[in-house]
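Heads up, the next two complexes both have chain A, just with different partners, chain B and then chain C.
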Partner chain A sequence: MVTPAAGVGAVLRRAAGDGAVRPATARDRVAGVQPSWVVRPQAVEQVAAVVQAADARGWSVVPRGGGGGMAGGAAPSRCDLVLDLTGLDRVIEHVPGDLVVAVEAGVTLAALQDRLGPAGRQRLMLDAPPPPRGPAPTLGGLVAAAAAGPRRHRYGTPRDLLLGARFVLADGTVARTGGRVVKNVAGYDLCKLLVGSRGTLAVVVELTLKLHPAPAAAAMVTVERVAAPDLVPLVALVRRSPAVVTAAEALWPERSVLLRVEGPPRVAAGEAALLARAVGGRVLAPEAGERGWSRCLRRPWAGRGAVVAVAVAPGRVGELAACAEALACPAALRIGLGVGLVRTADDPTALDRLRDAVEAMGGCCDPQRVSPIGAERVASRPPAGALRLMAEVRRRFDPHGTLAPGRLAWGGP
Partner chain B sequence: MSASDRPPPARGRPRRTARLAAFDGDGGPDPALLADCVHCGFCLPACPTYALWGEEMDSPRGRITLMEWARAGEVGLTKEVVRHWDSCLGCLACVPACPSGVRYDLLLAAARDQVERRFRRPWDERWLRRGLFAILPHPARLRAAVSVVGMAERLGLMGLVRRSPARGPIAVRLRAPLELLAASRDPAQGIGPSRERRRRRAAAARPRRPAGGAPRLRVALLTGCVQRVLYGASNARASRVLAAYGAEVWVPPGQGCCGALELHGGRTAAARARMRRLIAVLDIPGVDRVVVTAAGCGSALRRGAEPFADDPAWAERAAALAARVRDVTEVLAELGPPAEGLGELRCRVAYHDACHLAQAQGVRAEPRAVLRAIPGLELLELSEPDLCCGSAGVYNLTDPEAARRLGARKAATIAAVAPDLVVAANPGCQVQIASALRAGGTPLPVLQPVDLVAAALRSGGGRR
Partner chain C sequence: MGSRGGAVAPAVALPRDVAAALAAAVGSAWLLTDPTALHAYACDGLTGWRALPRAVVLPASTDETAAVVTILAAHGIPFVARGAGTGLSGGALPVAEGVVIGLARMRAILRVDLDDERVTAQPGVTNLAVSEAVAALGYRYAPDPSSRQVCTIGGNVAENSGGAHCLKLGFTTHHVVGATLVLADGQVVELGGTALDPAGYDLLGAVVGSEGTLGIVTEVVLRVIPLPPAVRTLVAAFEAIDAAGEAVSAIIAEGVTPAAMELMDRTALSAVEAAVHPGYPSGAAVLLVEVEGPDRRCAEEAEQVIACCRAAGATACRIAAGEGEAARYWRGRRAAFAAMGRISPHYYVQDGVIPRTRLAEVLQAIRRLEEEHGLRVANVFHAGDGNLHPLVCFDGTRPGEAERAEEVATRILDACLAVGGSLTGEHGIGRDKVCQVPKQFTVADQMAMHRLRTAFDPAGLCNPGKLLPTPRLCGEAPGIYRPHPTELRGVADRW
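Moving on to the complex of A and B:
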């Protein structure tokens, strides 16, 4: 005899509402691990209820935004529920005068930019990696992955743009950190801890983000056939120029450097001309400039293989370019910062070679789009002492290992 | 209640991925189809397992309720739930009985697909199923198994097996296939003058058989896998009869199994691969009908596009083939008997409706009409005609006790009309009924309808 116990589905529906629960399909896999259910709550209270129910019963929860990061990265040790946060898609408050916006975590970057554009001519200065196909990246997902694009040269990463957050802890508590002003930290700055945590500490449900005035125009300056050792002197020239550069990208193997200037039309054009003279390059015509910019945004995501974020000291970016050239890896390097994205074959030998080369320069690797096995190979480990501390932090946030256990490729808890 | 009155025990456990949810979102019973069921209970009297055990969960309505609960996460993929689904014969007697038109066939196939992927059966069942699906769809392997059992029979070893004192579940399971194979001798051999055996291989190898006169229809004959081995002679007879009735018969070479057994057992991926291969072989331009002598194969091929829901290219080809598939008796009824007429066959024949012919394909009148056209033949109807004989794919091998009881019940209804022989249009039914009749002490030959038509042709004017 079979009777309907208080089954998993019933528990989840009580927590998140009737229409929010569905069985997971093969498309919902997290780094190859098949979850059982997908829950798509519409409100923060529902997220809290789901997480609390899961924590109490020992079910593991992997939060998901747009889903672009789900295929790669380390395989979770357990994955029972996928918490799809795209249902939290409200823009809570936009204060144009303060240049801040509060949004729910499931708002997509594109939706937010659309919303900000006409209202106050403002913009969130964050470039998302282009999704191969399917849903667009959400702000919660970008924060959890600490994703950033070429504009980080001028505006930084989510770490710099995130002012405050509301998040659900593993026991279902809804907590808040930071606020809606730029100087706002009372106590530890927990925002910084959440950025790049990939859902392993808490489920981020609301974000307060710093905005910038939307530039009316942009101009691109290109320097062709740059030798790797010339990159560092080139950066020095850029810095000495009075132009304010928003992005400085070196695209390898083309060996071309693209510099972007944004602002009112006449300012952008003038600064671009100055910059071109200073670095010995030329200003691109508007269409060619946009093509170059789109290449910067897409490199090296377009194409098959593993995408790895690499970071070295800014003074060694020339060595990084030489290394990408030696390994025949397409790369986009943010030359002002010593960071970049490199694409390589998703096989252990190639990934080992890349990591060894980068670590020999004193740098580190962070897998962005790598198969589960490759991700664990290529990820640089934090120093042993820090790793112990991080494990302790994680234990305090999530004592039962409910949230995305094993999702951190660097051997995080 | 004696031990045999009870359903088999529930065993096994869900796989790790099915820990929290019975079904994943890939396939599984369609909620819209589940919602069609209004739980009226009209299916209960039609269901053989409900007739056996009287348990709600062993009826179509109960199984659908379990699918609803599993879909909603109210029950997991527990051994009890799987046991209730496993006990279903898939005879589909409930489908015509349903006033709401619930597609129980689709629901069961979807649930079984999930079970096969997400449930871990105990080791003995796992190996049994693995073994069965490694032998049955492969004619060469099955032929080897048959000859081994035949040799054992001749050496008198089968008597030992029958008399063996072992009565445990594993002994019963191991004995079932041996008993069934021993009951699968070509039953038509003794009937009418026999020159069959010599022709048998030759006919199977000959790709085309010219029609007796101008061809009225071009047909391709599906040889089947189990059918080819156990009742290959019936295939040869079918092709001769079809030729005599005025069809040009092709036997396309390189036919494999159609995947019906695997489809029935929930091994959807393997079944799909086989179906694709067979569709490619049978997709011959200029062929009007694809003729099937085994009802199980016919019902599987007639499902058409439905197993290829996520594969539009093959769905189209499968649907095109399904439109041309006919049971051999349908084609014979369509063509009508040859001008020279059929010879007399003085015998009383009990007709058994194979579930996959009558319920799944809705073919009831044609075989009867074809048989009634034989002079002297007296066609006898059985009581409980819609009750499954217990064969049901590999059911009589995986669940021999329930199958034995259903077989005995069928044998009793057959014995009640005192026939000279029995006719069934599916090799599974033939084996099962022959074995049940033998166990019941009334051994009778169990034939395909075409066997009798062939015998009538031979004893009459048709001299070929």
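Moving on to the complex of A and C:
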């Protein structure tokens, strides 16, 4: 660790400007590790200068967006500076006719949606994952964590929405990948690599994102008292039903399934009625529907304990529900996709049990809100061959291990 | 490295021990070294570039592919994987000092599991065969390149293939969830699988669209989706192509996302009408739109599309009365490239992307180029996602005309890039556009891509000369191997 000596501060201030540098406090800890400095640049060039200066001197840099993910996850092996990206908060360009927006990484999801709301009836189709009272998540942070909510069922994850990115490599190089068009196969798609890489390959500073027309209305259908083995047959009915379903969540232990239909008001209402009939459920009245939807969004973040993302083959989602039930873990399962969030006690025994059960189904666990020790415990590892290749990719992008070293719970370098 | 035109370099024979080892790995019947046999592999769909490989090897499994690559890597012999060879950018162009690894024998569909919505296939399976394998069960594989009857899944993965319906449903990258990859040193790695969200970096996402430069995919897990409950296919005719472009913008602004929106101009239409008689309403441009989904939503969207077309000045709008009529309309679009032979002895297929709001100005630029160079350009495009396919018509028997056509095609791409577009929307960089990469990507951008490539293939054996320019291919200008200024600054920096 770097001692917070005046010389270091001077280097950082030269790189990012006087007002951008401060000594770190206990609140800036990353998974329990105390950094020495926090730098909050206002421009891409300053980010590049800071990262380059750090890389040249062997200081490690942990990028930070809203900060919601900083308390948990694997502890960094070194953490000299926190690079706070919330100063990069400009919406660069929104072209409604192209359904594309370019933003700096520090723009929050909420700020972007506000900005899009009145102008063009468009939305970034990414549900903000709570914690409800936590800091507002930034788009850079959501991309780094590959975060998505229930509407992933229809709209995918940041992987499906990120068209292009500008990023700073550990050596200070500023580069772009992808573009500002929705269809593009020129060059490698480094966007895919950056999504979910948790700041370990590059510092993402600008994002170009694909938007969708904002649906005019939504209707919620619920199916109650669903037994775990009935989930897969239920999904089959949903898939065959004449409705455009944008979210399909099973909430456990309530054993209730909530389905969301979006579209023009009459269309959504009509399809919801058909869907309810097809799956043996009922359409919720608007207020009850809104309550149900907000329950989907909050669950299982509300409440204490570790939150773990799980993924299995979609056909095994019934087994996944049964497993959550057996372990007495509250869960929200995206039943059409075989993924979900499970909450469990943040202790080694409970986390081991969850990981073992999910891996026995051929699935994977990825810690979302877990203590540093628990995170490494619960995280599934890639197969050996793939892991070696990942280590090599990391080495090529960040040869000195400057960016967020140790932050990958899955055993990344 | 391959050459333009018909000249084919003579093959340099493989060292005898290498040939023997390859024959032992795949069986001697599947090692081709006879020059006559090799000629069939000298080019892909971009026939202007040709090179004769030293041999063609046809493995039948992942293990055989790994064995072949291990042998080649041990001898430092470069290799190029090949599917059906329908690519249009020279991605499967052989390396003259290398070997082609053909995947045509690996054409089994290994598993269909609809509870998982997955099909596991070998790379030589055709795109259409995947859809056909699940059609009776009410499912389809969404990406539908026009060559889907013959192009293979392995090639689709390499090129991140699109197709007319990717406007709503996404590209190959959105439908591949797992792959077995033979690396350039012969190691086999599993990336992803049946479940989503595998642990670790999304290397699979980087491999899709990597044009065969990161390894050879020998098994793929694909996502299949239910067939739509209803489909409406519409055609609208316009007196001017700009008006059709306005209709496209209006449809998007209306909040409708059709499954497909295809636009053809007068020149393309005359060829298509002569070739396959699709029976489009007559006009200077025809917009073909398909909406799909639940029946009532579909009907409503079709009405919105028609209203947008009429407001933009459509002279005729038709909804296909049945599957037969819809199929006829699609046949016209799918036959567009092949039909150009009716009106021009030769043509150059271009593939560029623009933000769809810039359509009018790019079309104007194309018209100016037509006039300046005295050549006709037929326009066929995936209008919904701004992917243009201008077809530059020329007569190769007239001296200089082929060069002028290429010049026009290149300048069309420049016009795409000038409005913030891309060099390619679905055909890939390949060999064709490798020297134009610096027009879209800075040296720093290329260096970042190069880092990925060297992580997978440090020896540079896997489809070399494609995707990223090198001084050897393109002269000094692109220069991606030169150290970046920040590297030079690394020691004596400013602080």
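The working rule: the second predicted complex is superposed on the first by the 405 of 413 C-alpha atoms of A that agree within 3 Å, B and C clash if a C-alpha of one lies under 4 Å from a C-alpha of the other, contacts with A are read in each partner's own complex, and residues count from 1 in each chain.
Throughout what follows, contacts are C-beta pairs under 8 Å (C-beta built on N, C-alpha and C of every residue); 3 or more make two chains touch, one makes a residue touch a chain.
Only a predicted model underlies this, so the values are computations on that prediction, with no experimental measurement involved.
Undergrad: Following the superposition defined at the top, how do chain B and chain C come out on chain A, clash or fit?
TA: fit
Undergrad: After superposing on the shared chain, does chain C or chain B touch more chain A residues?
TA: Of chain B and chain C, more residues of chain A lie in contact with C.
Undergrad: According to the stated criteria, A:309 is in contact with first (chain B), second (chain C), both, or neither; which is it?
TA: second
Undergrad: Looking at the overlay, does A:190 come into contact with chain B only (first), chain C only (second), both, or neither?
TA: It touches chain C, and chain B stays clear.
Undergrad: Give one of first, second, both or neither to describe whether A:204 is in contact with chain B, with chain C, with both, or with none.
TA: It touches nothing on chain B or chain C.
Undergrad: Who does A:36 touch here: chain B (first), chain C (second), both, or neither?
TA: In the superposition, A:36 contacts chain B only.
Undergrad: Going by the contact rule set out at the top, does A:320 touch chain B (first), chain C (second), both, or neither?
TA: After superposing on A, A:320 lies clear of both chain B and chain C.
Undergrad: Looking at A:62 after the superposition, I want to know if it touches chain B, chain C, both of them or none. Which is it: first, second, both, neither?
TA: neither
Undergrad: Tell me which partner A:25 touches in the superposition: chain B (first), chain C (second), both or neither.
TA: So A:25 only meets chain B here.
Undergrad: Just checking: does A:271 make contact with chain B only, chain C only, both, or neither of them? Give me first, second, both or neither.
TA: It touches chain C, and chain B stays clear.
Undergrad: I want to verify one number: the closest Cα approach of chain B to chain C after the superposition, in Å.
TA: 14 Å.
Undergrad: Where on chain A do the contacts with chain B and the contacts with chain C coincide?
TA: Dual-contact residues (chain A): 11.
Undergrad: Can you list the residues on chain B that touch chain A in the complex?
TA: Listed in rising order, the residues are 17-21, 23-26, 28, 57, 66, 69, 71-76, 78, 80-81, 84.
Undergrad: Mind listing the chain C positions that touch chain A in their complex?
TA: On the chain C side, the touching residues are 113, 115-118, 138, 159-160, 162, 166, 170-171, 173-174, 183, 187-191, 193-206, 208-210, 226, 229-230, 249, 252-253, 255-257, 293-297, 300, 353-357, 382, 385-387, 420-429, 433, 437, 440-442, 444-449, 451-456, 467-468, 484, 486-487, 489-490, 493-495.
Undergrad: Across the complex, what residues on chain A touch chain B?
TA: Residues 1-5, 7-13, 21-26, 28, 34, 36-38, 59, 80-81 of chain A touch chain B in their complex.
Undergrad: How about chain A: which of its residues touch chain C in the complex?
TA: 11, 14-15, 52-53, 56, 95-100, 120-121, 146, 156, 159-160, 167, 169, 171-177, 179-193, 195-197, 201-202, 212-214, 216, 232, 236, 239-240, 242-244, 263-264, 267, 270-271, 274, 309, 311-315, 337-339, 362-364, 366, 379-383, 385-387, 389-390, 392-397, 408, 410, 412
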